[in-house]
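First comes the structure, then the notes that go with it.
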Amino acid sequence: MKIVKIPKKKLDLFASILRQHWEIHAPVEQNGRYAFKPLTHWSEARLHYNRTILPPKKYFMPPRETMFHYREGKGYVPAQEELDQRLILFGVHPCDIYAINILDEVFGGKYNDPYFQTRRKNIGIIGVDCTPDEHCFCRSMRADTVEKGFDLFFTDLGEEYMTLVGTSLGDDMVLMAAPLFEPITAADIQKYKQVSSEKRQAFSLDVEIHDLPEIFELEYKSEIWDELGDQCLSCGSCSMVCPTCYCYDVADTVELGSKAGDRVRTWDSCLFHTHALVAGGENFREKRSSRIKNRFYHKQRGMVAEYGRPSCVGCGRCIVGCPVHIDIVQVINRLRGEDHANRG
Amino acid sequence: MLIADEKTVKTPVLADNPYQPHLARIVRIFKMVPDNHLFTLRFEDQWTAERFKHRPGQFMMLSVPGAGEAPISISSSPTRPGVLELCVRRVGRVTDALYRMQTNDVVGLRGPYGNGFPIETLIGNDLLIVAGGLGMAPLRSLVWWALDHRDKFKKITLMYGAKNPAEMLYRDELVSLADRSDMQCLLIVDRDPTGQWKHHVGLLPTLFDHADINPATTYAAVCGPPVVYKYILQRLLALNFSKDRILMSLERRMKCGVGKCSHCSVGYKYTCIHGPIFTYWDAINLPELV
Amino acid sequence: MNKPKVGIIGLTGCSGDQLVILNCEDQLLDLVGAIDIRDFLTATSANDTESRLDVAFVEGSVVSQKDEDLLRRVRERCTILVALGTCAVWGGIPTMDRDQDRPALLRAVYGDLNWEYDTCPAKALHEVVKVDLNLPGCPIEKDQFLATVANLLNGNLPLLPDYAVCTECKMKENNCLLIEKKQVCLGPVSVAGCQARCPSLNIPCVGCRGPCTDANLKSAAATYAENGVAMEDVIRKMKTFAPVPVSEQP
């Protein structure tokens, strides 16, 4: 892998070069939290941030997306107006990149989702490493580092960012701004190892995922699920903020006074009482407890069967964003019969 | 998967769009049973119509513009190509809208989806098809596929139960099958208010008393409401059927049909791509499946 | 094509929902082009109050015998009855404390004049007649109203969300007023469709659209109380727009 570095004070220059070709979106502060937004000035970007309210999935599968326009006589015509926007997400954390890699698998395979894939092709990703806070458990979920899914990846070495070049597009970005980048030195490598070790030590949350599928099977009838069902508001917040929740609903809208309209898909949540409700009234997950169990089960056990790993990346968003403090780490530790593991 | 028709696709990016509904014309509406009409459809595009292939047990996503999309199992057999027959129960927004349509109106279709019956595995065996009520809709495709490949099976037995003769799907067709000597077609109704019914009256499981089923050489395909699964599974297990020789066709809420939207998830499987045909062994392993 | 005959009728309410319809400025011409409005007292005094209606939109809650009689007449003359706005759907603010002693309330407001009033505890439309569609909101959302008309013109009932305001609030990537500011935001139990109008302006949701079907009132009430708000205030807040069965003892 090609590895270079860029002095921090030259980042704004790098951004201005990139901006000639792409719109740059980066984490921006929003009332004490962060959100990916288009930048007007590089100074708005916050590369040291804990987590954005919504994960970058909002760029690859927007909360509402028109799939088709239908017109009488023409049928369903694919909507592609919004697909061609080329932009760069600057400052994506490893867990979020990992999550996008998981979505790649879900929206790929035998039935390729052309909307997701087109956006994926048109959006560049510059990753940045981070320091875990008290809600991060990406290390437990093996998502604290990524080796693919980014064009460039920045690691903070103090005065400069060490830059991994992940794709040929990433290399083009570096070449576009060639004078800003420098080769790395032996001292940089030492510094990188030190940073990496410090990050490892910084995790305060830990959860063991080894044999989790078996634990979920064994605890399928656990009373924990009923307790969680009583607690859960089924407000959908956890699903919206989850970087790997990809449930969506599809509906046709219609224009006033015509027979034309759009087919639109919208983020959905398996916690909604309508999620498994079929026409005719049968609801396969009527109880809230069975819905919240399904959410955890699908993420931590189902995805292992289907894609070889849990789809949770340990970003902590669902913990921060649950109004009634349902905490996935606590749930797993309780299922395992262990107390809240806290090494901090 | 179907290839999208050129008229509707402009850029190569969206040319291979699994969500693309293809226009299909309603060529016949047969009012089989109240609120269970049989719609015969034909793809508008000749190229698509000719290349369409499916397996018994698969389903289509049916679009009625403005109302939305719904999964509907295919009732016609692949051995009778050219048109598609969908037995549609009037039960929700999309099907309501479909029932307001008339022959020659145009709907959207995409598919086929789902695993379908494992026909390669079934070949060479006895076949027992058990349907209760509306469960006949997805099994009818298998019935005709097997009869059109009669030489590939040993014994074929069909058991079908409905509340009364008026609610029996494909009644005339199935009654005529009862005359065939190369299969056993057992039809039963709970009650016969007409007094004209010449077949069995009683509950579906009692048909087992009239059939000679060898569990070692038979695959059973079952579809019906939950109560049918309950009693038929009891019967089959009492006969010592192996759990993976019992095949069930299941229903779930579906939005995409291609394993993305998650509505039809059951445990760690999606009904749309891993099903809708599951073995009884799957059902034991997948909580909430039946 | 025969345009569907529509009535827009008010019971006791503030007419705010009818004003939303009149405020559909850009779509108003399309609207009157697509439907035949026969009865709309808030917009015109020349009304046909007898003929058959395909769709009746009824605003307000039932607080008198007069309201109830009118509602029953409307039900008889229409095919599809749409409850327009939270008062019609849930009873709205008039149902707040509707179990209180009626004569005592009358005395408190009008003194000891002993006038005869045609008044009864407020009811939602569905408590009196069959309602085909609920369009909640205080006031209703213009987009939902227009989508409803567009769908009805095609023979379909519209699909309205039945999940919580939180979902739409998160889609807009708002800061969470409940979690971050410990405010009593009713987003988690109130039905979406407003695109989180208030939380998007940093104002906590007051639940003006009424609860979603699956609202977990008990757990939500406990959470608000945890944030230091007296349980009785929490319950009062939750019952502002709909007589929801939230218990004192969560």
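Labels for the chains are A, B and C, by order of writing; each one numbers its residues from 1.
Convention: a contact is a pair of C-beta atoms (placed from the backbone, for glycine too) under 8 Å apart; a residue touches a chain by one contact, two chains touch by 3 or more.
These figures come from a predicted structure and were not determined experimentally.
Taken pairwise by the contact criterion, the protein chains are fully connected, each one touching every other. Nearest to the common centre of all protein CA atoms is the CA centroid of chain A.
In this assembly, the C-alpha centroid of subunit B lies 43 Å from the C-alpha centroid of subunit C.
Subunit A and subunit C have centres, each the mean of its CA atoms, that are 37 Å apart. With each centre defined as the average position of its C-alpha atoms, the distance from subunit A to subunit B rounds to 38 Å. In subunit C, the residues touching two or more other chains are 151, 154, 156, 159.
Across the assembly, subunit A contributes 251, 254, 259, 261 as residues in contact with two or more other chains.
Taken residue by residue, subunit B touches two or more other chains at 66-68, 93, whereas all remaining positions touch fewer. Taken together, the subunit B residues at the contact with subunit A in this complex read 1, 4, 7-11, 13-14, 16-23, 63, 65-70, 89, 91-95, 106, 108, 251-253, 255-256, 258-269, 273, 287-288.
Residues of subunit A touching subunit C in their complex: 30-33, 35, 53-54, 58, 63-64, 230-237, 240-241, 251, 253-257, 259, 261, 267, 269, 272-274, 288, 320-321, 323-324. Taken in their complex, subunit A has these residues touching subunit B: 67-68, 70, 72, 74-78, 80, 83, 106-107, 109-114, 118, 220, 246-252, 254, 259, 261, 263, 265, 268, 270, 275-280, 282, 284-285, 290, 294, 297-298, 301-306.
The part of subunit B that touches subunit C in the complex is made up of residues 66-68, 93, 96-97, 100. On the side of subunit C, the complex with subunit B involves touching residues 151, 154-157, 159.
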